[in-house]
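Quick heads-up: structures coming right below.
Shared between the two complexes below is chain A, which pairs with chain B and chain C, respectively.
And then the complex of A and B:
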């Protein structure tokens, strides 16, 4: 639910990183934070379990610059990936403007990716949002693990599993190393801004 | 859904919140939506909170408490208040999509503050109901 403040000439946009547990959503935000921390006032906020897993969400606000005279404030969130935390995951999706789906490239996480996407579709339905209407970008994460001999799904398989019908932009990435993290989020933000501009400006 | 508030609405919201709440001597008032967006942010000039993080956490907190209410068969909990040693925080839902967050010291009575919040909410509702949404 983007909010446009005509007095301060500001647009607030909510972008949520979604995907299976241990897929790298928080690592994406941590990498983005490491790149922008010198120019933002806020800290990254994380609500974690004692075991360092996301319990509720991670939150990172930053200013993107001006578009058509409006200052764009982007608010990045992650949801908890673990299946048992669906109640809090659903809450974070309230008012979402755009989605980054972080899929895990490891072969044994194939079913987890598909389940997480189905769960996202269901949770969006709860808010009367059709996933096909929402700005969405896929990120096939952990590609760096190939160099360590870990079996990864090939990109074609991941596209077929997740993106055959949605046909959203997708990126291979390594959130841990920062490869393609910024292009992923840039693409998601630009798609979201275009969608909002079409609606409102 | 996206929505726009125009200058007149925002001026009206600021004026109502300043007149009815800030003049009580409270530290700050933040009007947010349930997605965690900040609509109006007023303070006494002595504090400098990270308002955007506060808004995200307040929206999440309120959502979590509402979900708990639903699980035990309550529509909602009417009083949402956290007491600190010197500062306290009160949450008040406005219609379905907005939340008023008031931060205040021990020198302000919670009962009186809630009374004033009830009054200002009526004005806020009128102003927000004029909002254009898509």
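And then the complex of A and C:
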């Protein structure tokens, strides 16, 4: 649940980027950081292994500014995608307000996407959160690989695999090139803040 | 939940997100622009708009102080443009009235603030607008301002000399003089309110 301080008029929103390993979660955050770094005071924190994999999590906090008199502070997190780091994934999801699910569009990652979504559902259950109640946005990443002749899942298949029941907003994207990264995060922030407000009223 | 409140909230939120992310630097993948960078579009009302949206959400002393401070800056900036200057003065009068009465302010006041702001924004940003069109816009806002003022005065203070209030007949176009007189009247109304509050505080202290 978002941290809301009515005295200081502050709302703190936690958004977590989840998805299969090597799917582009950190690349999303790095792109967002590169686009907003000139206007935020904070830095992006990233803890990586030698092989450039996310070991613990990435963290990008920034102040969005005032919305209806409340100063909105947003925190973007990623979780490690590798299966073995489930304890960390679970921990990072504590207090989550919204999710961006970064799915890998490559054909051979189809099962990884589905497993990662199932794992997310289970981890949220641990905190008594039903995934259908949580603001969620899907991003079908790596669409740029089509130009390199790499076989990609078509969007309909990905929607059917991941979003048939959830019916969340979804974006095709290339985090590496920055395509649709900002619209994804904007949608996620917007959905999350609206959901928080609705809960409060 | 009130649909209008939802709509304004969503509008404000989208605006905030657009502002936050649209000011971003060009990505490294974009080709560098030839020559010097284009000047940033002049957005003199950007801060004022965000403050007005905040007032629509919640009226606080801080927001109103910011609002009046921003208006003072804009009044100086636009002192040579009579239409814009007068619209800013109208907003300042409304802002001062809201600051004094807060949630007890007449419920139509915020609507009026929004309307005057829309006219102001149109006058500042629409380069195709003729002087005549701008003046018509101003006169309509002045008319509406006076109408609201008349309602406030007649409903609040029985000792107000309502005869001093010249009724606005349809088709009559009040000029700048009328605006100044309206502002003066609003000021004197506020002074009366302050006196009344001071008296009440004085009586409470005696008890």
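General observations
Definition applied: the second predicted complex is superposed on the first by the 200 of 201 C-alpha atoms of A that agree within 3 Å, B and C clash if a C-alpha of one lies under 4 Å from a C-alpha of the other, contacts with A are read in each partner's own complex, and residues count from 1 in each chain.
Going forward, a residue touches a chain if its C-beta (ideal position, glycine included) is under 8 Å from a C-beta of that chain, and two chains touch if they have at least 3 such contacts.
Predicted model, so just to flag it, every value in this text is computed and none were measured.
Chain B and chain C, once both complexes are superposed via chain A, fit side by side.
Once the two complexes are overlaid on the shared chain, A:39 sits against chain C while remaining clear of chain B. In the superposition on chain A, contact of A:88 is made with chain B only, not with chain C. Of the two partner chains placed by superposition, A:143 touches none, neither chain B nor chain C. By the document's definition of touching, of the two partners only chain B reaches A:2; chain C does not. Across the overlaid complexes, the C-alpha centre of chain A sees chain B and chain C at an angle of 80°, to the nearest 10. When both complexes are overlaid on chain A, the residue A:110 reaches neither chain B nor chain C. More residues of chain A are touched by B (comparison of chain B with chain C). In the superposed model, A:182 lies in contact with chain C only, and not with chain B.
In the superposed pair of complexes, A:12 makes contact with chain B only, with no contact to chain C.
The superposed arrangement places chain B and chain C with a least CA-CA distance of 14 Å. Chain A has no residue lying at the interface with chain B in one structure and with chain C in the other.
Of all the residues in chain A, the ones that touch chain C in their complex are 31, 34-36, 38-39, 64-69, 72, 177-178, 182, 185-186, 189-190, 193-194, 197-198, 201. Those residues of chain B that touch chain A in the complex are listed here as 1-7, 10-11, 33-39, 50, 52-53, 56-57, 59-60, 63-64, 67, 97, 134.
The touching residues of chain A, counted against chain B in their complex, run 1-7, 12, 14, 41-43, 45, 47, 56-57, 59, 61, 73, 75, 77, 87-88, 91-92, 94-97, 196, 199-200. On chain C, the positions that touch chain A within their shared complex are 1, 9-10, 12-14, 16-21, 23-25, 27-29, 50, 53-54, 56-58, 60, 63.
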